[in-house]
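After the structure tokens below, expect a handful of questions from me.
By letter and in written order, the chains are A, B, C and D; residue numbering begins at 1 in each of them.
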Amino acid sequence: MTHPLRVAVLGATGRMGAQTCAALEAADGLELVARVGRGEDVGAAVRAARADVAVDFTVPAATEANVHAVLDAGAHAVVGTTGWDDDSRRRVAEHLGRLNAARGVAEPDLGVLIAPNFGLSAVLAMTFAARAARYFESAEVVELHHPDKVDAPSGTARHTAAAIARARAEAGLGPMPDATEAGIEARGADVDGVRVHAVRLRGLVAHEEILFGNVGEQLVIRQDSFDRVSFMPGVLLAVREVGSRPGLTVGLENVLDLS
Amino acid sequence: MTHPLRVAVLGATGRMGAQTCAALEAADGLELVARVGRGEDVGAAVRAARADVAVDFTVPAATEANVHAVLDAGAHAVVGTTGWDDDSRRRVAEHLGRLNAARGVAEPDLGVLIAPNFGLSAVLAMTFAARAARYFESAEVVELHHPDKVDAPSGTARHTAAAIARARAEAGLGPMPDATEAGIEARGADVDGVRVHAVRLRGLVAHEEILFGNVGEQLVIRQDSFDRVSFMPGVLLAVREVGSRPGLTVGLENVLDLS
Amino acid sequence: MTHPLRVAVLGATGRMGAQTCAALEAADGLELVARVGRGEDVGAAVRAARADVAVDFTVPAATEANVHAVLDAGAHAVVGTTGWDDDSRRRVAEHLGRLNAARGVAEPDLGVLIAPNFGLSAVLAMTFAARAARYFESAEVVELHHPDKVDAPSGTARHTAAAIARARAEAGLGPMPDATEAGIEARGADVDGVRVHAVRLRGLVAHEEILFGNVGEQLVIRQDSFDRVSFMPGVLLAVREVGSRPGLTVGLENVLDLS
Amino acid sequence: MTHPLRVAVLGATGRMGAQTCAALEAADGLELVARVGRGEDVGAAVRAARADVAVDFTVPAATEANVHAVLDAGAHAVVGTTGWDDDSRRRVAEHLGRLNAARGVAEPDLGVLIAPNFGLSAVLAMTFAARAARYFESAEVVELHHPDKVDAPSGTARHTAAAIARARAEAGLGPMPDATEAGIEARGADVDGVRVHAVRLRGLVAHEEILFGNVGEQLVIRQDSFDRVSFMPGVLLAVREVGSRPGLTVGLENVLDLS
């Protein structure tokens, strides 16, 4: 890269936004060129700063409009805000299609990366679990979190279990063996036929363990997120990669090189 | 010990009984003097063999009568058969009381040890968990077994959870923190206020993990039983110790030196 | 598949060979057509049985000659015997090249799969570890085995560490952080810059744990081989896949679908 | 307790001292009555505050003199500062002996508790490991820390291994089985015959895992210290208990109720 990538942060005063600003300032080859706070005109700010990429850590109510404004300002977008659904994602994909068709030959196509999770260990655990699933007779998921969490099981655990179920179905595997007759309430939640257990323990943050079993062997993939700061390597990776992925990409795993 | 302890095995042709015979033959200071099979007269066999101790691995329908016969034959008993309840235990305790009151001064008092579990790692895990419980804000139990098990959670996990609950109550601790509002079915079974999760995985045998948490720290006690042969050290220990514990003792933990 | 695949087992009376025969007899779509013992003429036996695939679980001194004989008999080979080096592998690859060039258009090309490890959990752990390596600042390997093992660290752990080191080098990562000044002997063996620790514990069989760390997060990949029978799913998979991989393939990971 | 216990903190501006002040202010039944900083007259400060207990989190060069001054001021002492040896401990024990002999019948005897580790999970792990040790054929210790740690293995791991070795010797156990012929450098440090492995991984803080094995079974005791704040429950417990332990006590485990 001959010159540093110019990066704007939307939601710069929030917890994740502030951490992203700090991470950008410490990173090689990346330059923080705008901290955009609540109420500012996103498109104007991105244009004024001549940003190549904008990172959105704002709020569900603002994130879609922000992304459209970033694209109209000619920048790529990396999105960590929650609240996206099929409709909002489709609208962004269509916007990208129109813009990229109209861009000149000298301009690179625009890209948007929406990532529900920037934790490398979490994303890798989920990806490896999906790939391993077809090779094992049994698979279960245990997620462990601090006891102040209000929902169970965690979204990450649900996604992991759904991906395992999908991989098993594609490989033609049937239901897992389970002779339980009494005490089914100890067997966790059923997510697409995969059992998911939620542990709540003071002292923990966010952890996931995926267990696979065959006769005579076990494979366990475990990931621990001790601190929100662990998301920064994933955010920086996304910022660096988004420019080479035209169109809409959902999930950090799609910018990882796992071949 | 000046002469080897003479040991009879009841249920010698069953799986556990046969393994006990093999373990006795390989052990120092212990002599296998009788293999008693189904249908034989237990009292006569124990007397004929001049056994000091009889080990019962028979069936629930036979075990209580066996123990009374062993005691009448003047031997100590170690019992691994299931099926005991408060009434049958009380009858053995009363029998021991009568016999020991009548024994001469030169005769040692008789003892009976009934152990639901001879696995040292399982018994130690449960004992340590009960002792640790009062020092932590949170505690949960995860048990993992092969998928052919019909009941959940395991008896060992239930006992562990109940012991944790008792220790918390004695120490004046209230309920554990748990903000779960949605998805309670992922939170496992509630055993006296302690959450117990049951994992079923091909390749596993019998495993238990007890997790304790405080702000900033975690203690995990895990035990793995890979093979039934792991019960033999506990059986031999019980055989060696039962003679020095007059009366009825329930639970291998009571013959362990854990001070 | 319209007709069952015909499979010969070389070394059929050895431990792994006998287990392979049993697994073949229980498998769908595979037919055990020859059990070849020590001293028999491998080529003649494979020809007489009209085997499609021969599985070699013999001894280092015999395995290369066996593979050449299998190929001359027109069958694919799956090899689990150790003792292969660069030279013997090159000779097999050349043999395959000559034979496949001469085969008629209606005949499928011949394949040989040499696998140092048929354990799916072990192979997956190693593969995932290599792929994860570039995304973490730190990586270490802990292998755990029964105490009768004479060498440390295990071959699997060495391969895993070497693959991690290679992936780090390719990604341009430097040495891992390690401020240790005193007590370096507690830091394990250095395999290409990756620390490998060997635990020896009665009761264990063969286990490996690979730990990755970034600021605020950890990824752990663990695999447990409790029993040699766990190799059978990998052997059957290799038997099924070898016919569609012309030429020489080394490593079960290359017949797994991990994309 | 009819009135709150009055507590002074020595080293109140240091990291541990400040955290102790905060924990005392949040605790029931304890009153923070003095924050003593570097250079202040400890005895005068303790007397002026009429402290019942003084907690010392200062520096090795000051801690012994502080304790003598606290005792002369008539208060109990809880000490978390390192740097104590046999001589300094003996001098404190003698001082306590003289003072307690001279105290009036209405005055409770003075106590000093020196604790190398206030982490409940760490102290419990070490204590349980020592108690379990006699019942297993094999035992090893793995400690895991952040990579900025300069010494290996950790003091906690050394103490744990030494306690295991002592318990094995008392029970008459011989050396553990270990057939390693090649690659001994992967087998960790030898602490009194117990192998200790040190893992250094970015993202970790301070963790210890103690593994015990018999034929067919395993017991694992693991403790994680994610944050220094985890020491506070142990400090508060020590403050509450020191007044009922006359004389010198070394080790938090001696004020825990683990029967």
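Just so we're on the same page, a contact is a pair of C-beta atoms (placed from the backbone, for glycine too) under 8 Å apart; a residue touches a chain by one contact, two chains touch by 3 or more.
Keep in mind it's a predicted model, so treat the numbers as computed, not measured.
Engineer: Between A-C, A-D or A-B, which repeats the contact pattern of C-D in over half of its pairs?
Structural biologist: Same contacts by residue number as C-D, out of A-C, A-D or A-B: A-B.
Engineer: When I count C-beta pairs in contact, which pair ends up with more: B-C or A-B?
Structural biologist: Result of the comparison of B-C and A-B: A-B.
Engineer: Which chain's centre, taken as the mean of its Cα atoms, is farthest from the centre of chain C?
Structural biologist: D
Engineer: Quick one: report the Å distance separating chain B from chain D, using the average Cα coordinate of each chain.
Structural biologist: 34
Engineer: Could you tell me the distance, in whole angstrom, between the mean C-alpha positions of chain B and chain C?
Structural biologist: 42
Engineer: Report the inter-centroid distance (CA atoms only) between chain A and chain B in whole Å.
Structural biologist: Centre-to-centre distance between chain A and chain B: 48 Å.
Engineer: Multi-chain contacts in chain A: which residues touch at least two other chains?
Structural biologist: Residues 136, 203, 212, 214-218, 224, 226, 230.
Engineer: Note which residues of chain B are touching chain A in the complex, please.
Structural biologist: 136-140, 142, 144, 147-153, 176-189, 195-204, 211-218
Engineer: Considering only the defined contacts, which chain D positions touch chain B in the complex?
Structural biologist: On the chain D side, the touching residues are 119-122, 124-125, 128, 131-132, 134-136, 212, 214-230, 232-233, 256-259.
Engineer: Spell out the part of chain B that touches chain C in their complex, as residue ranges.
Structural biologist: Chain B residues touching chain C: 203, 205, 224, 226, 230.
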